[in-house]
């Protein structure tokens, strides 16, 4: 399998704090990769670097063979990377459906001119946006709430909306930052199935998650960070037996 | 019917309504910038003045047709809107607000100091081209355009920026570029409105475009209901007619006007039509009506 | 008529009064001018009505307060026109007069400003008039006096930028000063509503000059002089009717003692005679003994001139009596004599040059211009 | 000449700073550009004038009286016009603040009878000191000292006292501040009270210095002071002082350098330039982007 | 009974979030509240704190009805909350956040002790005590939110998903902390998605479903209930 995303000696510091240090990491196309590690290890920071919110102090990010270090977030999204946020960032006063439609922004092209004229091309485009958005909502089970304002959803519903919004972009690579947080086991189960389905459609997924059962069940490979450094990498079963990972993160073997 | 006719023929009503229409166009422009995109702009009057002076000068010196001058006025205002949009790349919220306010004042002072605009003495001799028909045709066009813009990919992107810039950017929206576009479109309408104003008043003075004018227009947008086109229309109507209706209270007028602003905000914190989904209201009214009228209801 | 049963019908049909509009700010920044003008107008209307009115009808004032805001001024002007005024007196300031003129001219309603002195007013059309002492007439006369009688050789010129009135007055003073050989050693500008002039005065303190020509309004004038005294400068200032108002010495206190203000009207208690004296007495009786100023007097004269024109033309129709108005010659008003020249600009005499003495305006000299 | 202009600039700047402190306080806590602050300042000036002119009291009593009127006034304004709008859009309280502004300007005009300015009697002697060629007056010194003292006092209050910390917590998240046991309403009222005390002091001092007060005096000075607060970094108390001084000095030197016709543009021009380089003002905290 | 909730109705505009729930929290116990997304768990806690007003029903704390008591007074009465989504004061430092937690406490000596205690439990917070809370990682913020609530030494602690976003080791740690706090006399009402852990520490539990209490009983019994096992324990 070809490598889709590659981090090369990626380092980022905040003042005196080195949040991520010399990280080398690869995500293969079509796989589900996971990034785990203790709180404050630098996982979200890695996401922020990949999506262009932070510029790394050192090192390089390559996506589909293209160097994307330092590109603006919107440019990176257009290349096919979509994400969710650990601290939910929805468009709170917009409807659930509009949230998802905005997620599809980068897959459409209508501008002011199109808005004013609504020529057939635009009508078609709008129709596709609506269809795809609805099907993304359907996937996360929020169809019934499509006209609700996003702010009125409960925490777990908001998380799922975030996923739908990211999916609407039809990304090549989907970054999920703790998607299962705030969900109960049954909901997690559904979510897991959902992620597997998404992968099935050819989307590569990189996951940050603290629920080990979840991670171990669906990941193809796992990278472990601690204090910004990579301490292990491999298949779930390899990683969960790794003594370094156990002392730093798991505390005990999980099964 | 007679009432409508008398409004059109009575020069006073005509005047008041025309003025209202002119400011409505400007307010709708600001609605796009502030209501939809969420960018504070406290210097909208500056763009009116740019449109007003440029189109007046073109009429006076180049004798070009009014519609061309109005268009140029709009475009010129948009050009400055873009210029002002550029700092908005780095500034947010109140910082942007105060910058636009400063920009507005600077523009006014520049006009005071320019010869060709008559400086503080003002610019007279502008032919009267504006009339109520032209104004309301343009109002309709503006409403139509804004309605379409708001319900499009472009409009949704602007709303996303208002809600959360970082998230918007992560959705692939080039936030800076879109903000600039919003400024350009919004200030274009201000420029057009300014051109209409110039050819209505026939005499321009920089003091017509001070910050109190900017805040008036902002009032229209906020009191009507941020982000809502019908709200902006209602806000403009109420606030431009209020001073006229309040004329009888004489010197207490501004006292009442100020109190009215406070009360309206307190009782409708999201504006008169903020949080009212007109489409839903309309639909429910219609479906109720349909339910009454037909026995074998279809959908 | 009458079939509609509208409330307006009897009024329009009745027409037993002749309506004259008042345009000005009763509120807002320039309220003082508006309020005084209205007082003068009211006195004139009362006098005329007592004497039997005009053409057998009584005069009535329709008030149009615009709060010193120009787009509102346009609205109220239009409103008064729909209320069937035959003439409007106002606005006291040049800027708003120009706005209103654009509406009155095509509506064929006479506009007679009792205050506007700036340029480009009567040029708007043949329905537009004013009864003020023009700066173009007064400033040169005063300059001559300053140079020849008071021996001013060097002056500092202070302008309020952004204020139409001040800028045009400065433009008139400059050639006049040159003509009478007075050198401008320093020019400074200030803004309306400014309260701090330390920078300008510090700059002036580097120069030597005999006096200050100040072309703005009294508030800034008073504070400017105060700052001068604070920084140890002792020159006095001279300026136009913008400085006229008791606020000048109330605010300026000792600092404005000796400063000079010219106007088309002043209460010259010792020498006032005839209608002028009557006017002053009547005003004082009505207003707690305070003295009338130029705006009240000009407001009074404006109504009187209109009434006379109507009588002469034997018509209250503006299209008719405007002809008579344009021919006004040697009209004897409380402010002096007024004649409209070929361009319908008022030729007024005399110029009252007043001086602040013991916190009061006293007439220093009366300069005839004719 | 240079030093004289510097003295001019510093004094002007100190008056801006005095009022800017009030803006910054209130902004810092409830993120509201309290446009009515200028009017509270205006009313403070009028109260001071009445006390001095009618009741012939001395300067300090006048100052206290002005505060005694302005504090409840500002607290009332918050109660009536802002509190009901706490959870609505950011612009809503801004508009009602403008409403309050218009209301108070008109009210004072009506009570006074006309909008014309009044002079301020001399309660602080007009003594002029000379330091070489540079002259300055007692009132200038008083303004500078009062502004500096207030700045230090406020900074200490906000940074190190319990109520100060409560203010900062409140400024960020009402609801959670509530959950800490903070009576948010009290904190906000306290902030307005402090802001009003500053405005009252500003009104009396500036009224005395400029020698003229009128019902609309709050508008321009208010706007420029707000500019000063932003230049310094709104929310930052030393920032307000720095911004005020900077604007005052720039304005005075701009005029001295012959840009007098652009005087009003100077502060705004400076504001824009500074914000372009420091988007959150000179001493403002840069906004952290962490998601 | 420390807390008694009776027939509580809450709605947001037109949305009915709680449709008449009743439950009790006995002094010294841990009570768990579990349920699916949107069931109304957070709403319940927010209503107890006074952040949301109830349409009808009663909330009785130590024998007094607290329905209309403003939140800051409720805190003064000894209730404190770890809110959903952390809600740390992002522009305050870690230390200042913790100090805010002790706001309602009079004695600074007690506050000092509490602080030492919190730092002992979460050494990471001590490491970062002068970092702005907004720049902490998600889990660090969660620790801070916990620490902050502990600073006030409440009698009744409401916790809204305290384990969310925490690494596995810390999850264990948090639950042992919960037990510890409880042992030292604090009563706890715990909302958790991690039902497994929640039921293991709790004495009794309630299951919320779309605004109504669907099940209730001793925690151990609930953990054995097949319905609960299927829906909330993922088996």
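Order of writing sets the chain letters: A, B, C, D and E. Residues in each chain are counted from 1.
In this section, a contact is a pair of C-beta atoms (placed from the backbone, for glycine too) under 8 Å apart; a residue touches a chain by one contact, two chains touch by 3 or more.
Computed from a predicted model, the values in this text were never measured in an experiment.
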Shared chain contacts [chain B and chain C, defined touch]: D
Per Cα centroids, the chain farthest from chain B: E
Longest centre-to-centre distance from chain D, chain (CA-based): A
Intercentroid distance (Cα basis), chain C paired with chain A, Å: 73
Euclidean distance of C-alpha centroids - chain C vs chain E, Å: 75
Whole-Å gap separating chain C and chain D, where each centre is the average of the chain's CA atoms: 37
Whole-Å gap between the CA centroids of chain A and chain E: 29
For chain B, residues that touch 2 or more chains besides their own: 109, 112-113, 166, 251, 254
Junction residues of chain A, two or more chains touched: 44, 53, 85-87, 89
Contacts with 2+ other chains: residues of chain E: 135
Touching residues (chain side chain C, partner chain D) in the complex: 27-29, 31-32, 35, 161, 188-191, 193-196, 198-200, 202-203, 205-206, 219, 222-223, 226, 230-232, 245, 247, 250-253
Touch list for chain D against partner chain C, complex: 1, 4-5, 8-9, 11-12, 15, 106, 109, 114-119, 126, 128, 135, 137, 210-212, 214, 216-217, 219-221, 251-253, 255-256, 260-261, 263-264
Contact footprint of chain D on chain E as seen in their complex: 49-51, 70-73, 75-76, 80-81, 83, 87, 89-92, 96, 99-101, 103-104, 132, 134-135, 148, 152
Contact footprint of chain E on chain D as seen in their complex: 162, 165-166, 168-169, 171-173, 175-184, 285, 288, 290
Complex contact set, residues of chain D against chain B: 27, 31, 33, 80-81, 84-85, 87-96, 98-107, 110, 223, 226-227, 230, 234, 261-262, 264-265, 267-269, 271-272, 275-276, 279-281, 287, 289, 291
